[in-house]
Every structure is written in C-alpha cells, then in structure tokens.
C-alpha cells in the first residue's frame, strides 16, 4: 500500500492534497459534505487583523479554461476566526493552515502572533501575493526586500511553519523563492493568481466591479508548473504547488516538477467531491509505477540528453 | 447535506426559442429538496463552460406510482451554460449538485400566500405551490412575461387550485404591463394588514425590488429568491454576496448558503448589483 | 459604412486584424486559400540573419484553452526571405511586417538594415521576447536597458516604423512600454507567449523536446488584455494587442482596452478562414453601436465611479 | 486549394473498442482529394480540444448513383480529440479542412505496388488501392495488427483485386508476428530489382523505418506517410517538421505541406521523433 504522507518542514500531511485558500471558505462550509480530516490540509480564506467587507459584486467571471476573481479578501478577521471557527475545525481533525494577510509588517506579525497562540493551527501561509487589493501584500510580494522583510518579521514571532505564497506576476519567481528561504521560511507555496481583466464589449465596462482580478484554473497550469520547476532548482525548502489542478495527473505534473504537496482551488468549485478522486488516483498511479512514497516522486522530472531550456 | 449526482437527462422540452425544461434522474436530490432550493449543474464535462451554473429546482418529477424519480429545471438561454442546457439530449449525463440554499417557508392557513414571478423567475414557485396546496393555504400567482410566448405551466398551477393573475408587457396575454401593477392594486384593495398574507417573489432584480417596495408600503412580509452569479454554491468562494442591512450601512453575505431566499426588507437594494434576465 | 482602417505611426492598415508572427508562416502558405491583401497586415515568422533549424519535435502540445510551442525560431534567414518570399508578398498586395530577431545588437541592426533596403516591408516588429531560445532576445526583452538599447540601435538604421514586441514574463510590462517609447519606437506589440511547461506523467518527461515552451491561445487572453490596458496608461504610441483572440468580441476587448490593432495567432490554426469572420463581425458591431471609426473605440473602457484596481 | 467545410456527420461506425469510421458530408473536399492526402478535423466546437487533428482521408463516400457525397476517416482513439470522434453522432456537424498535403503517386503497370499498413496506418491505402485498381496496377497489401480485432476492411481490398497478406502479433489472424516479416521474405524471394515494384507504407514510426530498411536492402523505392503532431496543417506553425537528409546532416521540413508522404530514403530516421499508436 502506497504511503501518501508528505512532510512540509515540521508539518506532516496525511496526503499531498490541500484545499487552496479562498476556495474552501473556512473549511466548515464543507464539513457536512465530507470528512475534513481526509484532506492533506485545509488552507482557510485569507485573514487580516480586522473584518473586511471585500469588493462589491460582480466578483468573478469565467474565462477560457479559467476564471477571474476579485473578492477583495472579505473575511471575519483573525480574532473571530480563532474564536468561532478554529475550535470546530480542530474537533473535526482538520489540518489547518491559515492564509495570513496584512497591510503592514506589524499587521502580518500581529495576525501571526495571534494564530501562534491559538490551539489547532498547523502552519501559516503568508499571502503576499493577492492581486486584488492595493494593501493586500502584493507590494511586499513583488519586491525581494519586501518579501524578505515580511518573512523575517513573522519568523521572529512564531515557531509555526511559515509558508510565503508567491505571486506569479514577476519576472523571476525563483529569486523570490530564494529571498523567502534566506529569511527563514519553512516552505513556499505558488502560484497565486495572475493579474488579469475581462471587458464586456457591449457595455464597454470591466466585467468585475474591481476592474482587475486574478486568473486561476486550468488555463494557468502550464505556467505554474514551469514556476514550480524553476523554484525547485533555486531552493532546498519544500514547495507547495498549485494552479489549475483538476485531476491526479495534473497534481503529478506539479509533484514531478518539484512540489512536495499541492493545493486545489478552482477545481473544488467545479467538483466539491474531488478529494477522494485525487487520493485514489494517486494511490493507483503509485501502484502502477511501483513507487512506495510520494517523496520518491518529488522533482523526478527526467530530461532526455538533448538541449535543455 | 448536498449530494452530487451524475444524472441521466430524462427529457428536454423546448417551450420557446429560449426557454426549455430539462428533467434529470436525481431522486436523491429531489427527495431532500424544499421549495426555493437550487442545484448547481455542470453544463459540460470539459471547459465549455467550466464552472457549474445555479438553477432553482422547478418540478419534482414522479413516475406512474407517484414515486419521485427526479427533478426538472426551467432554463432560459442567456449564455454559454444555459445554451448547452438548451441543446442537451435525453440520455446524456450531467453532474447535478444539490439541494442547496435556504428554502421558502410556506405559510400555513389562515395566512394567504401571494407568489410573484417574472419570466424564468417562475421556477421556484412550482414546488412552493405544491407545498402550499398540501397545507391548504390559499394562494395566488402573479405571473408576468414579455409576451404570451413567455407564459407557461398555467394549468400546473390552476390544477393545484392556485389563482392566476397573468400580465404581459405587450398585452398579448392577460393584463398589459408590469406584474407589479395588479399586485399593487390588489394590495391596496385589501387595505393595510386587513388579512394576513405573505408575498414571495422571484424574477429580475428590478422587479423583486419593486415588489419589496409595494409589499413594504402595505406592511406585508416579502420573501425574494435572488439570482446572483455563483461560483460554487457551497459557501467556498464568496462570489455570490448580497448586501444585507447592518446598522446604518450594509454587510455582504453569501447568498448560496444564507439565501437564495431572503426577507426582502433585510436587503439593501441600493447596494444590490442586478444580474439578470 | 464603418471605416475599419487604422494607423500605426506612419503605417496605414486596411483593418485592425493582423496575422501574428510564427502563426502564419511567411504568409505565402495561405496565399491560395485567400487574398492576403484583405488582412490588415501579415507579420511573418521571426527572422535572424542566418538560417536556423529550430528545436527537434515535439514542438507543440495542447494545454487547457491553449497550447505550448517551442519551435525555436526555425527560419530561412533574412536574405533568403528578401530574395525568395518578399517579391511574391508584394505582388499579392500584402502589408508585410517582419518579425526581427537577433542574438546581438549588431545582428538586430543588420537584419533591420537589410529589410529597410528591401522593397515591400511595411514595418519591423522587434522580437525581444521569444521565450524559447536563449539567444532569442529575451535577455533584451527582460531588461529595461536591453529593451532601450535594441530599439535605439535599430532606430539608427531604419526609417521604417519599429514595433518592439514585449514579453508578458515581467513584473511591470508598462515600464518596458515606456522604455520602448523613450528609445524611439513607433508602436509596441504585446503579448508574446508565457513561458510554461507540460509534463507527461507516465514517462515523467517534458512533453516538449525543449522542456519549456510558450503558452498562447484563449487561456492567456485576460492577462494580455490587462497588460494592454496597463500599457495604454503608460505610453502615447499605438499598441498592437494580441493573446488568445478567437472572435470579434475578443478583439474588441483589446481595442477597448487600448489596442489600435490586434494580431491573431493560435486561432488561425483552428480556423485559417477566420479573417472575414473577424472583419464582418467588427463592421457589424460598429454599425450596431453607431461607431464611425475604429479609432473612436480605442481605449474607450468605461469604469463606473466605484473604486478601481 | 483546401476548403473548410462545416460537415454533417453521416455515420459513425464502431469497428472495435478503440477504432471507428466517421463519414462526413464534404463532397467539395472528397472531389479534390488524392490518395494519401489528409484533412484537419475540428473535433469539438470549443476548447475540448481546441486544435484540429489530422486524419488521412480513408474512403470516398458515394451515393447510389456513385456520385461522391463525402469522405470517411478511420479513427483510433488515443486521446482527447480522437475520443470525441469516437463518440460523435450522425447529424452533428464538425469543421473539416482539406484536402491537405502531398499525395501518394500510384505507379502505373507494369510496375507493381506493395502497400504496407500497420494498424490505423491502413487509412491512406483505401483510396490508393482504388487509384491503383483504376490504372490496372497489380497490388498487394501487407496488413499488420495486434490481433484479429484490429484487422478491418479486407473485402474492400480483395474486391478491388488486391492481394492481401495479413499478420497479427498474437497470431489470432493471418501469420503471427510483424508485418515486415512476410514483406522481407517476399522481397528476397523476388531477388533484387528483378521486377519493378514500389513500396508504400503507413503505420507506427518504427514499422515505417523497418520497411524503409528492407526496401533499401532490396533496392526498392519506398514511400511513407508520416504522422507527426500537427498544429495547423497549412504550413503556418512549423510544429510538424521531420528530418530530411541535407549533406552530412539533416534539415527540418514541414510534413504538412512537403509531406505527409515522403520518399523513405530521403528521411533521416535516426533524427525522427516517433509519435504513435
């Protein structure tokens, strides 16, 4: 029987499949549909210190092979999350990763401190890459020093695994992976969404109230896989890969490119019962290829002798 | 608890160039479904389109013995997904997720029930009408369309003993004009609060807003079933929010899990984005 | 009757629809399928000074809503093009734009000089953005000074309109638009393809012989539209927009976002007879909206009062 | 000059769990088509998949009066596009672009024609066989498949007076083993250059390479129809290149316009990427 468990720093996951932030609410929304403890992990919606209303609708629009979203990080704030959601998530045995947001270094640190003091948070994913709000950390995520500063600031206040989530909207994502590693990150996750827009040509207006939004879904997968592969060459810390994963084969592309775990976002909207399918598919693949542990697959891309790049 | 059923399509009945009724073999969902709840339908297997689309559960489909074998949706063709559903053929299988959302609560007698439907907004009222009939609640359906072509299923409702008031914008059927006109007239005729009656509305946002207005004016409770764009239907994406009153301002709530049915007076209509037909 | 003609610097186009480089051969491949002079313009495959063999197959792979390509700029070289292809293109009345490639500033300049001396070249599109070959100019296209240097070097040797083609694989594409304008470009075109990869999970090998390739097609359209809109705010020179255009509505998104003309690449593979459909669709749209000239549509995105970006 | 026809599907005949024949109403294309030419089929309207797929023109489809009404393709299900084609239903319409590429040139008598087909590689030989029969050229078809299940259309060829030599890898039909075995045997029996004969081959790359080898060994001309991945079929994308000899090395040429039929001896087989069934 294949061993699906993986290790992200000090964090043990039952299997490599995690629900991506913002695509799974606070997890509890899915609790009576299935057993949350069967997932590798649940990354909850991005949280600031305070509650946020987010952007007015329309907040999403479908595009070829994907979708744009500009939710604007609506959320209940970290304190209400800890008080009202976390206990139930613990009770259900979910491996909870919190997507940490901030407008300032202090806010990132404060949110992280509160989460470290709470019971039942397995790791912190630092959202320095939300393209949809000015103060959403993208100013940190698009600057190497900004990335370094956020990670080191949070490193000081928590012993939880910290996982900066990188934006794909940069020239060289691997340099951001290195900055994260240098600042003491335990792992990195990528990719967040691609800044994009769609226009209703009949009204000549943007289709999203926020004008721009983030592109996710199968459309971006080949770019995300490339970025994971580039980061794999650049850093030693584990990578959590995501971007358009719909099937086990899609997930395997990320794992073979160098991801130790993967997250599924948009595909969870299309099929909320996707998890058993992914898990069984991976077990089956490992049996067929006689692979004992997922770790034996990570980064095992084989490049025939010919010219690379 | 919602279930996802890869449901066989039992029939696709075209009612007009852009309206059709699709019935799905999904007894598991139909058995649980309450009036006003909805399903998320995956209109195509692949990417054309990718996301599911929300549809009110229209009829409970029964076999000869009256056993529930499935459910139907009333589909209006407006874009990629609804066009696919307009073209589906019996025997095809599509994923149907449901039942989802908070239902209409059918009032018991002596309370009266007035339903107000605009176009495809008729959908949630088939099962609500059945529930009301069961309870013996006397009910009226105010039903507006652009023209005679858009008015369907009248006998379905009359057979249940529902009183029908039909309006069309071009006057080709029933009273000419908006459906809110007869509604307002009859409400004033009744005089404020004279008898207990509750209003249920579904249709284009401006229509629902108007109904909310006349209802408030005559001190009646109004429940509306909203139809925002929905990405997941399960509370996962926060795409479907609508503004509900909070202090002086408003607060966005997810209509897929806190709705789609809302007390009209709790909504901040000025802040509402209108999608719609 | 709507006026479809547009102006790109000193270059007049019959209509805004151009065949994108590398997706239309040297144009002549399509000459007996239809009249090349009915297109706004034909951008021919990228040309170096010398012939190039390109990468071994497989050179393309389809991905969700798009495709990857790593052709490696196979080509006959600028001299053979001028001798063997250009005269026939002229005879057929095609508006010929040549996609200029180079490994060095000198090569860019030399290729440009040869093309300026030839009869029948309407403009030069500078390929500083091919993601598929190390020496394909991407080292210029990903650096602001590199972009500035290439454009000014070519500005010195030609009076033809020069149109640098920008890569989307950068953090801030609008800064590259400005660098191009400052260096004397007459227009810019964007986007080239997104660096990406796909993996065959059964063999654990890349699906392309070159490992990485460029993502094109509908999948990238929302990102490309966003980039055109950003560049529109940044520069005064005309923009030629592209990326996933399949329909007139897609083209209108680019035009409304700020493109004066558009190019169609991948969609030409799916439907080689797409041109009349696009042209008629635009005529029809302009009639319905009572718009006299395409110019009246360019950049006419209307943003409702609410908060932007 | 190729044309693009939104062609009605006249029939879809399943031959086996992964082989079927689809006939299209596309007389404009069939009328112009020569043996070995191909069409680019848009397997779906949307993005599942997006790019067209290349298929050899299999039969010319004729009506009762023998007028050409369309063409058929022999489809083997290997992925997204061919799976769609396996599932199409009569009445559906798909875009078919063609005829494309350089055809086989049928040799005239007294020259003999030997055709070598591996699996779905049979496709181009139906029309070549007809052309040879018209010219009265005596012809043989060496036809190899994995098992009896993969051997089709024998009477089509025998009816044309073609001699058939069938092999299957599991021996469930005809001779057991590779199709190249009887080919090589018969070639040696003939002795080098004794009678003029030309070999035509289509199938998996390794098979075509082997045929090229035995052909060369006995000094025969061999023409192969290659099946690389093709993005456009019109010479626009340079995706379909194959290596042809140039001096000591090779040069990549576009097989969609300079092929798909090539003189096997002009190809650099060592540099050939094998796609295939």
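For this structure, a couple of remarks:
For clarity, chains are labelled A, B, C and D in written order, and residue numbers in each chain start from 1.
Basically, a contact is a pair of C-beta atoms (placed from the backbone, for glycine too) under 8 Å apart; a residue touches a chain by one contact, two chains touch by 3 or more.
Since the model is a prediction, treat every value here as computed from it, not as a measurement.
The minimal number of chain-to-chain contact steps leading from chain B to chain D is 1.
Listed by label, the chains touching chain B and chain C alike are A, D.
Taking the mean of the C-alpha atoms as each chain's centre, chain A and chain C sit 33 Å apart. Mean C-alpha positions place chain A and chain B at a centre distance of 36 Å.
Between the CA-based centres of chain A and chain D the separation comes to 48 Å, rounded to the whole angstrom. Those residues of chain D in touch with two or more other chains are numbered 47.
Annotation for chain C: residues 56, 64-66, 209, 217-218 touch two or more other chains. Taken as a graph of touching chains, this assembly forms a single closed ring in which every chain touches exactly two others.
The set of touching chain pairs reads A-B, A-C, B-D, C-D, using the touch definition from the header. Interface of chain D with chain C (complex): residues 1-2, 4, 42, 47, 49-52, 80, 95, 97, 228-229, 231-232, 234-242, 251-252, 257, 271, 273, 275. Against chain A, in their complex, chain C makes its touches with residues 55-56, 63-66, 68, 134, 142, 169-171, 194-199, 201, 203-206, 209-212, 215, 217-223, 225-226, 229, 244, 249, 252-253, 256-257, 285, 300-304, 306-309. By the touch criterion stated above, chain A contacts chain B in their complex at residues 22-25, 29-30, 32-33, 45, 53-54, 56-62, 64-67, 69, 71, 74, 209, 217-218, 266, 268-273.
Put simply, chain B touches chain D in their complex at residues 44-48.
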